[in-house]
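Listed below are the structures to be examined.
Below are two complexes that have chain A in common, paired first with chain B and then with chain C.
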Partner chain A sequence: MALLEMRDICKSFSGVYANDHISLTVEKGEIHALLGENGAGKTTLVNILYGIYTADEGQVLWKGSPVDFHSPADAIASGIGMVQQHFSLVRRMSVLDNVIMNLQGNSFFLDRKASSRRLMELADKYGMHVDPQAMVCDLSVGEQQRVEILKALYRDVELLILDEPTGVLTPQETEHFFRILRTLKAEGYGILIITHRMSEIMEISDRVSILRDGRKAAELTTADTDPAELARYMIGRNLKEAYDLDQVSSQDALLTLENVCLQGGGRVRPVNDVSLTVHKGEILGIAGVEGNGQKELAEIVAGVKRCSSGRITLDGKDITDLNARRSYEAGISYISDDRLRDSLVTDMDVQENLILKEFRNEPFSTHRRMHFKAITKNAEEKVETYKIKTSGKGSVKTPVRLMSGGNQQKLIIARELTDSTVLVVASQPTRGLDIGATEFVRECLVSQRNAGKGVLLISADLEEILELSDRIAVVFGGRIVGILDRKDATEQQIGLLMGGIRQKEVGA
Partner chain B sequence: MMQQILTLSFMTAFLSAAVRLAMPLMYGGLGEIYAEKSGILNIGMEGVMLCGAFFSFAGAWYSGSLAVGLVCGIAGGIAVALIHGLLSIYLAKDQSVSGLALNMLTLGLTSFLFKLMSAGQGYQQIQTLPSVALPGLSALPLIGEAFFNKDILTYLLYVLLILTHIFYKKTNLGLSFAAIGENPEAAASAGVPVHRFQWIAMLLNGILGGIAGAYLVLVQLGVFTEDMVSGRGYIALATVIFGRYTPFGMFGAALVFGAANALQIRLQTIGVSISPYLLGLLPYLITIFAMLGAVGKNAKPESLSKPYIKGSR
Partner chain C sequence: MNRRRTAALDLLIIIALTLLVGSILILACGAGPGEALSLFVQGIFKNKSSMVEVLVKACPLILTSLGCAVAYRAGFFTIGAEGQFYIGAMVTTALSLGLTGVPGWLRIIIALAGGFVSGALWALIAAVLKARFDISEIIITIMLNYIAIYFLGYAVRSFLMDPAGNVPQSAKIPKDGQLQVLMQGTRFHAGILIAFCSVVIVWYILTRLTAGYELKVVGLNQRAASVNGISVIRNIILSAFLSGGLAALAGGIEVIAIQKKLLEGISGGCGYTAVLIALIAGNRPFGVLAASILYAAVQSGAGSMQRQLGVPSSIVNILIGTLVVLILAKDLFHPRRRSSGADTQKGGSGV
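And now, the complex of A and B:
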């Protein structure tokens, strides 16, 4: 008898099927991976299981008997725990309070001493060290994830659902995390893990179910499959093997940063004495755990922020003090890591967003009057070229907020990559995108490189960095802690640098 | 003049007045703590108090019983708080707009009903709640008179403050109630029924706000006048921020405001040569300075005044 069985689950949102007759089983002591692109219905499915949504049709069987969850409380009471993609921790409460919140076994008055003891025991058992008294907001992302898992384990769950658990971890943290999962598996826990990283699925799972467009495309035993087959089921075609980076980048410096610093509000400098060079026809990857100054660095280069000291040149010209508009005019394109905040006006439509940086210029306006015919024509061309799905009747007049993340990103790329582009600053350009859109974005960056332009690629995704970069700089605490050539770089090495271990010690 | 101020009897009377004047702020503030810690900002506290004041007066006037008056005042407060709950929890509307609208609505409504009730004859007065000296404690110098020779509602407040403190610090339920104002999604995923708890918090908000208004009538003045709350609801909101969302912090903050008010009244009576209108500004000025002083030390619940909609992120 399976621990969990979901039978013919259907769920539609305003007439569109998010889940169309999906069936799934998880056994005790099994790690079952759920794979699929964004919008394939993975999160909907687990949310139904966890009682956040109610299924329109279908049945959930827990240990053989039908159950009907109306809230997470029901799911937890039955023994199902979930670690959500965006952690659900109360930041300004202690680790302990987060773990024991609303526990069924709690007496009216909390016994924090006993709970703390039990939490420590549990943490020790699985090698997840946390300080029960620490405030959650003071913890690193990896630590917060440990708290989430402990929170579930503390509730005596038998099935653990993990939604994209490794997206925010360094390779070392991921390895540690997988060790924990293996221990849990050996103890008989059932684990349902959502991920889109093939390598992780191959490494950790026993079986894998692949969803596509709300339907179950396949269920495979991991040992009998390979990443290419998984990708085929997931996107319905073969994945591009590798990017064409054969053409050698030139030795001409395009962008140089000399001792660039940014003074933050506090005592630490978000960007501290950064010097680097991007050559023509080169992709320089910046690897690092998020929050180590990457965003600030990107904003300094793009002119959004001004550095407090140091010098920046582009093609020999000093651009240190240029603002965002002048930087753009100098040929710097900026793809921000936060599309909704930095790159788009979400209530405006496609055609308006496409001219946000050019609306002052001909042919879009003359003498401060806008020419909507030209604007619409421009938009229609770009939508065609970049295959942007505007998902709406009005086509180029669709408000951007109604579009999917992948199409929003395509729109930004269509706007930013123009003929006058010299340097592309791309910050987490594929974050939250599905495989198809990711591939498209990466191809765009590579084609810019091959056209002799420079690309500064900032990404927390190591696979992406290794796949695309000619050279890789690693940031930690606002400093560059190492620059490696693509051919010498290993994931292991970069991972250590990302964790703050110096290049000398890594032995590179 | 300084000699007049520095006598023990003056100080005793001053402190006693400060506590008395702070009491509506404390009830209102306590009600607001429950609401805001659950994520609901009730700017309509002014309206809750005003309805509490009017209905407690009407109840006491028609029945001749202060207890009936108190119950009516509480009911009036609950009604306003629950309308706010309906708008901000059930309909997920903007809480500031809803609160302000309720303040204006209740101002008009209570004035209108009072006109109907008094049929044009101005002054109607009811008996006020007597003071009961607590044996022993009330004999303490200075603070005995101020804190322990008061009406029963004041003593009830002391008990409620302690209970609230214990509730949030020590109990399982209190932890959940605090969590829904910080991160309702997190609370929900731990199985906390967010909306139900927010309704309960609004109920408490109404009860306590109702008592705050009733206190003005049943203890302090014995009369109802139009717009008699006159900004105390807003000051109660300030005491919560100034007191960093803790019951005892709020208690201290409310005492400061009460003292400011008491001081300006005393100064007027001993005839300081400052315009009484300027002196009347004192409590409000202190509100502003308190806000400035509280800058940077943010204890505000992180999801305050953001509607929680189940299943959305």
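And now, the complex of A and C:
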């Protein structure tokens, strides 16, 4: 008897099937991977399992008997735990308080001592060392994830759902995380892991279910498959070959940063004495675990933030003190890592979002009067050129919030990459995108490079950095800890640098 | 789901519930709802004068609500129209009484313009605190209202008090400094035209000029505005300036067209009603125009109901309150939505 069985699950949103007769089983002591592009239905499926959504059709069997969860509390009470992609921890509370928060059977007075003892036992057993008294906000992302897992284990779950658990981890942290998973598996826990990284699936899972367009495309035993087959099922065709970056980039410096610092609120500088150069026709990749100053660095170059000291030049001109508007006018295009917050006004429509940078200029306005015909025409052209899918009859008056992430990103690229672009600052440009959209974005960046423009590519995705960059700079704690050439760089080496180990110690 | 049909259904439910509450209240004080309704309608449409009276009542509402709508578009949630109305009324009075050597038509222009600017500057206090230091504009504007309201009380007992009288009000505005009645036998004054023009001008700014586009971006996503080179501070200050000016203009017109002197309680609370009207109108200028006239009409009708039938006109305020609550809570009519989407789930659990 399977630990969990989902039978013919169907769920539709306003007439569109997100899940179309999906069946899935997880055994005790099994790691089952759920693979699929964004929008394939993975999240919907686990949300049904976890009681966040209700299925339109189908049945969930837990240890052989049918169950009907109305909320996550029901799921947890039955023994199903989930670690969300975005953690649900209270940052200004201690680890222990987070773990015992809202626990069934809490009495009016909390016995923190007993709880702490039990938490420590669990942590020791599975090699997840955390300090119960530490504040969550002081922990690294990897440690926070451990707290989330402990929180689930503390509630005696038997099945653990993990949604994109490795997205925010360094390679070394990922390794540690996998060791934990193997221990849990040996203890008989069932694990359902959602991921889009083939290498990790190959390494950790026993079986893999692949979803495509809301349907189950295949279920494979990991030992009998390979990444190419997985990819084929996932996108329905073969992956693109590697990008051709052989053409040597020029030696002309385009963007230079000299000793750029950003003073933060506390004693630590988010950006600390950064010097680097982007040449014409070059993609400079910035690798690093998120939160090590790369977002701030991107914002400084794009003029969103001003550096507290240092000097920045673009093509020989000093741009240190330019604001966002002047930076754009100087030729810097900015693709932010936070599309919805930074780059789009989601309640406005496609055509309004497309003129966010250029609305002051002809043909969109003259003497402060807007010209809606030109605005619509521009939008229709961009939608066609960039194949942006606006839901609702291809209309350019669709609110951006109704569009998929990939199409939103295409819209941003259509707006930002213009003829007058000199330098592209792209921060996590493919985050959360499906493979099709990811390929499109990468091709756009490479074609900018090949047209002799500069690209500053910031990404937490090492594969992406290695695939696209001419040179790779690694940041740690706001500093550049190493700059490597594409041909010398290995994932291992970058991983160590990302963990804060200096270049000479790595022995590059 | 058909969104338009849902909206129409919502509206029907809202109207039905409001009428139900109204009928119960009318029955409870011993009158017949049918009779009350007919007197209500008569109160509005009896003759030319009564219809014009609706516009007279709507005039200050149009201007103050328009001001609120402009501010809300930019994400500046001011409650300050009331105080700005008082400031405008005071400054317009002072200028009208003080500039004795100036011809009447010019005095009117200077007095209203002065009122506009003073209200705009008054609103800037909250705008600067909000834009520069992120201090809640809601609390600041409410406090500024108290200051303005009580400062008027102080003014009409001291430097603006009519030297010839001993009641707390200003001297009468000289005849040539008043806004004239344009239609014999009614109170149709030039200020109503100013309000109508303001609607058109604000509509043009908001929908046809780049300034309106900038305001909209700032109102919907401040972060995206600043990342894409639109100044949040500049736009909040601009919208507050316009917003305060319009509310103050309403105060000035009330003084030189209707009351012809400055006195306490001159706004009739229209600065607070304006918040509701802007909300109902979805911050759209022509929506504000329609909602203000509707509101004024309902008040006129209720007045006649009270005079002839003894039905308390407070009923109208109860009904308007009910209406606003129902409009804001209309998602409750669709319990099915709650289970299917994460965003409506938030709304469901928040109630």
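Points worth noting:
Just so we're on the same page, the second predicted complex is superposed on the first by the 501 of 508 C-alpha atoms of A that agree within 3 Å, B and C clash if a C-alpha of one lies under 4 Å from a C-alpha of the other, contacts with A are read in each partner's own complex, and residues count from 1 in each chain.
FYI, a residue touches a chain if its C-beta (ideal position, glycine included) is under 8 Å from a C-beta of that chain, and two chains touch if they have at least 3 such contacts.
The model shown is predicted, which means the values in this text are computed figures rather than measured ones.
Once the two complexes are overlaid on the shared chain, A:53 sits against chain B and chain C alike. Of the two partner chains placed by the overlay, only chain C lies in contact with A:304; chain B stays clear of it.
Looking at the shared chain after the overlay, A:368 reaches chain C, while chain B stays out of its contact range. Of the two partner chains placed around the shared chain by superposition, neither chain B nor chain C is touched by A:387. When the two complexes are overlaid on their common chain A, residue A:323 makes contact with chain C while staying clear of chain B. Contacts of A:346 after superposition: chain C is touched, whereas chain B is not reached.
Applying the stated contact rule after C-alpha superposition, one finds that A:84 touches chain B and leaves chain C untouched. When the shared chain is aligned, chain B comes close enough to touch A:71, but chain C does not. Applying the stated touch rule to the two superposed structures, the overlap between the chain B and chain C interfaces on chain A comprises residues 52-53. Residues of chain A that touch chain C in their complex: 13-14, 52-54, 299, 302-304, 323-328, 334, 336, 341-348, 352, 355-357, 359-360, 365, 368-370.
Contacts from chain A toward chain B in the complex involve residues 47, 50, 52-53, 71-74, 76-77, 82, 84, 86-93, 97-98, 100-103, 106-110, 151. Listed in rising order, the residues of chain C touching chain A in the complex are 1, 208-211, 213, 216-217, 220-221, 223-230, 339-342. In the complex of the two chains, the chain B residues touching chain A come out as 170-173, 175-176, 178-179, 182-183, 185-193, 302, 310-311, 313.
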